[in-house]
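Below, each structure is written out as structure tokens.
Two complexes are shown next, each including chain A; its partner changes from chain B in the first to chain C in the second.
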Partner chain A sequence: MYLSFKNKRIAQILSVLPNKEVLFEDEMENYNFTIAKSLKLKAAMGYNKRRIAEDGTTSSDLCIHGLEYLFNKDLLNKEEIDALILVTQTPDYIMPPTSNIIQGHFSLKQDMVCMDINQGCAGYVIGLMQSFMLLEQEAINKVVLLNADVLSPKVSKKDRNSNPLIGDAASVTVLEKTINHTEIVFSIKMNGEGAFALQIPAGGAKLPNNDQTAISEEDAHGNFRSKDHLVMKGDEVFNFVQSEVPPLILELLSQTHHDKEDIDYYMFHQPNKFMLQKLADKIGIARDKMPSNIVEEFGNSSGVTIPLNITHNLSNILPEKKLKLCLSGFGVGLTWGATIIDLDKDTYLNTINYKK
Partner chain B sequence: MKPKIILILSEIRPEFDFDSQINFIESGMLDSFDVVSLVTALDEEFNISIDGLDIVPENFSTLEAMVALLTKYGCK
Partner chain C sequence: MEQFKERLIDIFEVEEINDTDVIKQFEAWDSLTLLSIIATIDSEFGFQISASDFDKIETIADLLQFIENNKK
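Moving on to the complex of A and B:
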């Protein structure tokens, strides 16, 4: 499905990283691999460092820290916010919506829209799409899109499929109306038949958490996890990404009359380095046009890897040159989507660390 | 080509003899993480990029399967 927007832009992106850094070498003994094998995988997959939240730190904490920073620096005016969207798989509570909690924390005006969206690795792209849809309304001139995940507590330390990569992070993206006729086009696809390729089996209504769901069991590949933990069918996810994402990108380029070279950077979600390099090769673009350093330096923080990719890698480049970016996210759902969007030279980009 | 593949396999899993007819995947000699290391090493050794859709167990289950795969990419 293609969706098209005009006269809108991203004005600011701020990424928020927790301070706790975990090194792959410090956890290697959990994974039941030889040291030599672990080090080979480190190079191929991009296992290196990851940032995780301290116990008790939640998605709203990271988001509130980011918003406070923007308010305190006079980069964002509370009164101007007409909608607050939070994309997360780790809300503070099942109810109420975490976006409402954040609205209440800052005593934002009541004449606004708050909305939680349950999405994962494609969540930033879905959140941008929803933000631009809200900006179509006359009453809405500025939208704050929050994207946050604190998934590390939901991953077994002895799951070598997921634990070496998982990171926590949040981002605050401010979107607004502008006089710019450059079209912003999204391509979004969903396949619920693959919904259980990425899952936390227990904790919802179908299987509430209990003593049984907390029991850790060994799978066929030597990973230990319980039903309270994230489980990823790695082979299925890899095949899904390799088969569905390249045609999505090539068709979006064709639909918008762009050549591959017209795009300055392909800022994709970063599940692991190996998958990204294979995607770049398959799409036919240089690997340095698709950065893969976020997963190595900070871990895979679901959809937040996209805004973090932008703030970490482009904050020194953007002031010199307006950039045309292709953003793409893919994962839980199964959901995959992409957009081609310009970032103006004056777009505020920054990465900060969370402080309690 | 075969000796190069065997050398790479032996570096990844030195405890096994890969000069055999056994199915490397079904026998557990190679797991999915080994395949990632193997693809990375083959890409580098033969200066190719194995397509993501070709990274399936059957293409790495025997030496013959790997030779057939690499031949498809023009390797000799």
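Moving on to the complex of A and C:
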């Protein structure tokens, strides 16, 4: 489905990283594999370091830290915020919405919209879409899109499929109206028939957490996890990405009358280096046009990898020239989406560390 | 197909492979070698093979036959 917006822009993106850094080598002995095999995996997938939240740090903590930074630096004014969207799979509570908690923390005005959205790897693209929809309203001039995931506590330390890549992070994106007429086009697709390719089986109403769901079991490949843990069918996810994302991108380019070369950078969600390089090859774009270094530096923080990819890799390039970007997220849902959007030279981009 | 066999030799880190070799008995067989095979088949033959297909594929000959039947 194509969605189109005009007279809107991204004004600021701030990424927030937890301080704790874990090295792949530190955790190799947790896995039920030889060291040689694990090192092969590290090399093939591009694993190295990752950032994880310390015990007790939640999605709201990371978001509040980011917002406080923007308020303190006078980069954002509390009174201006007309909507606060939080995209997360790890809310602080089942109820109330975490976006309301954050609104309350800062005593933001009551005349505003707060909304939590449950989305993962494609969550940033969905969050942008929702933010732009709100900006269509006369009453809404500035939207703060928060994106946070603290999934590392949900991954088994003995799961070599997911543990070496999982990272925690948050981002704050400020969106506003502008007189610039450049069209922003999204292409969004969903397939609920693949809903269980990525999931946390227990903890919701269908299967509440109990003693049984906490029991760790070995899978066919020697990984140990319980039903309380995140589980990913790696082969299904790989095949889904390789078969669905290239046509999504090529059709979006053609729909918006762009050639591949018109796009300065393809800023994609970061599952791992292996998958991104295969994706670049399949779409037919140079690998250096699609940065793939986020997992090795910080881990895969689900939807946050897109804003983190932008603030980490483009903050030195952007002040020189306006950039045309193709953003794409794909994963849990299954959900896959992309957008082509310009970043103005004066867009504020920064990456900061979380401090308690 | 010869090129694909060469790729399998790299993936399994062996000197040679034979049609009768049982895939899951290679020393290097794990989720990474599985993903490497899936990725190679996707780029070389243009179709998606899934982990569950390997429940029915026992030997190298079975794998080559599966590719013959499904390649695009």
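Basically, the second predicted complex is superposed on the first by the 356 of 356 C-alpha atoms of A that agree within 3 Å, B and C clash if a C-alpha of one lies under 4 Å from a C-alpha of the other, contacts with A are read in each partner's own complex, and residues count from 1 in each chain.
Definition applied: a residue touches a chain if its C-beta (ideal position, glycine included) is under 8 Å from a C-beta of that chain, and two chains touch if they have at least 3 such contacts.
Note that the structure is a prediction, hence the values are computed from the model and not measured.
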Q. So, does A:191 touch the first partner chain B, the second partner chain C, both, or neither?
A. neither
Q) Looking at the overlay, does A:4 come into contact with chain B only (first), chain C only (second), both, or neither? A) neither
**Q.** Partner chain in contact with A:279 - chain B first, chain C second, else both or neither
**A.** first
Q: Have a look at where A:235 lands relative to chain B and chain C in the superposition and call it first, second, both or neither.
A: both
Q: Once the structures are superposed on A, label A:180 by its partner contacts, choosing first (chain B), second (chain C), both or neither.
A: neither
Q.
From the superposed pair, tell me which chain A residues show up as contacts to chain B and also as contacts to chain C.
A. 33, 37, 40-41, 44-45, 160, 221, 234-235, 238-239, 242-243, 274, 278, 281-282
Q) Within the complex, which stretch of chain B touches chain A? A) 12, 31-34, 36-37, 39-40, 49, 51-53, 55-56
Q. For chain A, which residues are in contact with chain B within the complex?
A. 33, 37, 40-41, 43-45, 160, 221, 234-235, 238-239, 241-243, 274-275, 277-279, 281-282
Q: Would you tell me which residues of chain C are touching chain A in their complex?
A: 28, 30-32, 34-36, 38-39, 42-43, 48-51
Q.
Under the stated contact criterion, what part of chain A meets chain C in this complex?
A. 33, 37, 40-41, 44-45, 160-161, 221-223, 233-236, 238-239, 242-243, 274, 278, 281-282
